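Every chain is named by a letter (A, B, C, D and E) in the order it is written, and numbering of its residues begins at 1.
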Amino acid sequence: AEIIRLATTTSTYNSGLLDYLLPKFEQDHPYQIQVIPVGTGKALRLGRDGDVDLVLTHAPAAEKAFVDAGYGVEPHGVMYNDFVIVGPSDDPAGIKGGDDAVKALATLADKNATFVSRGDDSGTNKKENHLWKAAGVTPDFSNYKAAGQGMGAVLKMTSELQGYTLTDRGTWLAMKDNLDLSILVEGDTKLFNPYQVILVNPERYKNLNTEGARALAQWLISDEGQTLIDAFRLKGKVLFHASAGEAVDPSKAVGAN
Amino acid sequence: MLEVSRLSHGFGRRPPLWEIPHLRWDGRSLVHLRGDNGSGKTTLLRLLAGLDTPRRGTIRWTLDDGAPAAPPRFGDLLYLHQQPYLFDTSVAGNLRHVARWQGWRGDDARSRIASMLARCGLADHARQHARSLSGGERMRLALARAWLLSPRVLLLDEPTASLDRQAIDDITALILSLRETGCAIVLSAHQQSVLTERCDAEWHLERGGLQVGDMQAGIAEPRPLGADS
Amino acid sequence: MLEVSRLSHGFGRRPPLWEIPHLRWDGRSLVHLRGDNGSGKTTLLRLLAGLDTPRRGTIRWTLDDGAPAAPPRFGDLLYLHQQPYLFDTSVAGNLRHVARWQGWRGDDARSRIASMLARCGLADHARQHARSLSGGERMRLALARAWLLSPRVLLLDEPTASLDRQAIDDITALILSLRETGCAIVLSAHQQSVLTERCDAEWHLERGGLQVGDMQAGIAEPRPLGADS
Amino acid sequence: MHELMATMGKALHLLVSFDPALWEIIGVSFRVSLTAILVALPPALLVALVLARVAFPGRWLAISLVNTFMAVPTVVVGLVLFMLLSRSGPLGEWQLLFTQRAMVIGQIILASPILIAMLHSSLQSIDQRAWETARQLGAGRLQAFAMLIHEARFGVIAAVLAAFGRIIAEVGSAVMIGGNIEHFTRTITTAIALETLKGEFAQGIALGMVLLLLALLLNVLLGVMRGRGQQMVSA
Amino acid sequence: MHELMATMGKALHLLVSFDPALWEIIGVSFRVSLTAILVALPPALLVALVLARVAFPGRWLAISLVNTFMAVPTVVVGLVLFMLLSRSGPLGEWQLLFTQRAMVIGQIILASPILIAMLHSSLQSIDQRAWETARQLGAGRLQAFAMLIHEARFGVIAAVLAAFGRIIAEVGSAVMIGGNIEHFTRTITTAIALETLKGEFAQGIALGMVLLLLALLLNVLLGVMRGRGQQMVSA
């Protein structure tokens, strides 16, 4: 079978979604998919260099730049989930229960609460920076820790330090049993987290398997793919919401669980 | 001084090299240890020095009216290897090591080292690397290191093998003067030389045993003197 | 056979150890190289063997009617170190190395090795680790390794220093028989022995020069015989 | 402590359960690293010998350079190789990226400095007379070299073990240029990295122990092979 | 190639620009790794000496174990230490997690096997007579030990350099138990990992080069110190 190389973020990979979806694709298509799990930044870099055939990422601004620069073509929204703010159960900063992420962050900065940031320019990190900006805060309070690591590590750190952080729901669900944290803020429309699939521009490199990549992308946004995404459960919880074709209504991105 | 009983030693599954039922030495005679290649001279000297543990038997040294004891602490007793080990530094550096271990400092150490180098004919080589010395010079350096210590017991394993005539004369003089100060000395040697001629006792390893002879008193029968007869 | 001209060598900034304006040797005499410790015997032999490059001068060997050339290829010419290096394996293993390098195989190699071990009195030690040999046995092993090769030129650096009388007799016989086969031999030695007595030429390193004497012809004046007089 | 103990049990269980997925990544790990060592060893021996025995101007600088390259982070080797092997890079046409072969290349680069440095240090400590003696006794250059290696065998084994330890345990280059693709370029260490990312620390440690157990096995085998003996060091 | 060249230039520029953020992480890297080496060296010397000189039952097994631990992945050390130092772990009360001290501990653990293995190999190759000679000439045990180390100094330096190379270049344990926290536990290698994560490969390589340049400096200094000389090996 021909090989398709897909670079994706570790959060997607680790949720198990791809292990669930891809075999079903491979059954009906003459392709074998090699998944390269990396961070969003690195995934886009792999696409730019032509080392993969398509990418599946969640950083709208970076993706837009990627496509605008001509590195990628045919972007399609595939699905979305959402971010949540987690922290210690006793919530010393008192942000629990709200659904205003911006206000919550402003409170954290105000109280100089321990906040662990991804600090790695990832989609999540960009979302966080966006929220700080909206709150009118420069995050330089003394207990703000820029960890420069992946989501899983940052959650572990947050739990160890009994601090706060912003996480995607997928990683949270996957890890929460090992953590001493709970969800404090969720449901804000600003916490929307859409995923796109983008083909690497075939004009830039020969030897790309664009045909296969397109087949995979089309399958993901086909009715079959979309139904499967909606049916995926992690620890009994819905994780991703299929969103192909529609102009996603952010309010649908939240609340479901 | 030295009392050995029922001593024997060997290697692997071979029979013992030799057995010494009993040996007593007052430490006052200058002993020449003889024996063919492989007869076990080195082995015996290493055991006496306490560097190896005998298979069987006991070795007891009595120093300075103390109680008889196993081979005394290093520094009092000194065994000089058949092929001496020189430290990886200069000639003078080799002596400085010893001076440091003896706790000598500054000018005291320096003057002792300088005079010892002169005495052993190595003054010109003080800054040369020890391991670039010629065969005879190596042995001289090893002897110089040993003289620095003024030990109570000195076991020399073929000290004259690669020395020229002048050097043998020199160390003979040194050995005799050390002996004056009460140092007990055993030396092994294949060749006869002025030094072996000054020995007044002979231990001969032969057919698995140790023959003891008193040369001054004429008890040792005149032997055919190998190469030089 | 050997022609040396304007040869001199030294170390560091020191003056040359010796200078040899001219030396010619037909390779038929058995040469005894003498000289005090540090006079440069080892240095000279190493230069002749081509192991070091002289500061100045040339060394030309003529083997088998070939043209005069720099020290011939190893294997034809063999220098035996004053303290021979034994390979880190058994006694027989040391000889097997040589057999392999000579390209001998199977029974041929085995029988040559066995007979050489017997000849050097090491048959009992064949499986012992080479580095656990006694001083004299080491030299015997090194000589055995050399005999295996039947070289054209043999430079022996104090081969008798740590050997007993029997061993000296044995290697004297070996050396004489090698010489019969046309091997050119130089040996250095401090002590007189039956071997040095069989030498018929003497090279004496003295006061920075090389004195050549023909002993058989009685040209060499009778010297005071060091240790054994 | 309890959790760590449980992890040990898990590791043992993993090993004896003969989980094919596990043995697959073990296979990739050992295949890649053993190949890298085997390829890297001969040139490393040669370079080490030259550094130890041939006096050429700038030798000590060369030695310093080798020592320096022991401090190169694995991920940097990964990055550089990535940029070379990437389709947009100068060697992109070889299409080696994300293959085991590329991983072997990365590990050769990582193994070489430590091999050379350690081999140099043990060859250097072999007596000068060893080479002279072998050559005079009729050994050709290659044979004399083989003899030197034999004399230095304990050091050589130590060097190989250290280099092997370094590359079987490395993850930075393996993940960069291997891509950690399941069934293909996933090794024990990249799998551990993935488990760590997931927060499955126990699983990661269990995998690490599997690696260590296998390394122990290898070492014990080697130990038995070299005969438990100790070197004789009296000259 | 072009991009790699540009990266070199960037690295040099980074170094001479005296960017305080850069020098901060350089400082953390070297402080942590040098401390770890200094702490690990004395016990490693002692263990190596015992392994090289004292014949005790099971010695070869102990040596095999040490060799095995050279193959421990850095991240596994990080994971185990993390579980020990974690709030819920047995040593949680020490509150060491995400501090430089914890990183030092991790690097000590990583440096020790390679130190011991290499020191063992060079101490073992020192002639048996060296110890005997020193002791007989009046050296105390400690003094004789110091003399042995001096005799083996080239091997000791090689061991220290190899171990230093390993830990200054390691990232797995540093990132796990240090946390890669900016201004605090971020080292050169964790910063490289971060740049890599971001896809900023050139920046990562530039940082790697900075590390190598500094390592080179250290090596050259050491080379000058030990006098460029070569060991004398004739016994």
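The rule is short, and it goes like this: a contact is a pair of C-beta atoms (placed from the backbone, for glycine too) under 8 Å apart; a residue touches a chain by one contact, two chains touch by 3 or more.
Chain-to-protein mapping (UniProt): B, C = ATP-binding cassette domain-containing protein; D, E = ABC transporter permease.
These numbers come from a predicted model, not from an experiment.
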| item | value |
| --- | --- |
| Labels of chains that are neighbours to subunit C and to subunit E | B, D |
| Chain whose Cα centroid lies at the greatest distance from that of subunit D | B |
| Highest C-beta pair count, chain pair | D-E |
| Length of the line joining the C-alpha centres of subunit B and subunit C, rounded to whole Å | 29 |
| Length of the line joining the C-alpha centres of subunit A and subunit E, rounded to whole Å | 37 |
| Distance from the mean Cα position of subunit D to that of subunit C, given in whole angstrom | 45 |
| Two or more partner chains touched - positions in subunit C | 83, 132 |
| For subunit A, residues contacting two or more additional chains | 150, 153, 156 |
| Residue numbers of subunit D (touch at least two other chains) | 89, 127, 129, 196, 201, 231, 233-235 |
| For the subunit E and subunit A complex, residues of the former touching the latter | 82, 86-88, 97-98, 175-176, 179-182, 184, 186, 190-191, 193-194, 196-201 |
| Residues of subunit B that touch subunit C when the two form their complex | 11-12, 35-38, 41-42, 82-83, 121, 125, 128, 132-137, 140, 157-158, 160-168, 190-194, 225-228 |
| Residue ranges of subunit E touching subunit B (in the complex, touch as defined) | 127, 129-130, 132-140, 143, 147, 150-151, 231-235 |
| Subunit C residues within the subunit D interface of the complex | 49, 51, 74-75, 77-79, 81, 83-85, 87-89, 97-98, 100-102, 129-132, 145-146, 149 |
| Of all residues in subunit A, those that touch subunit E in their complex | 38-39, 41-46, 119-122, 145-150, 153, 156-157, 159-162, 180 |
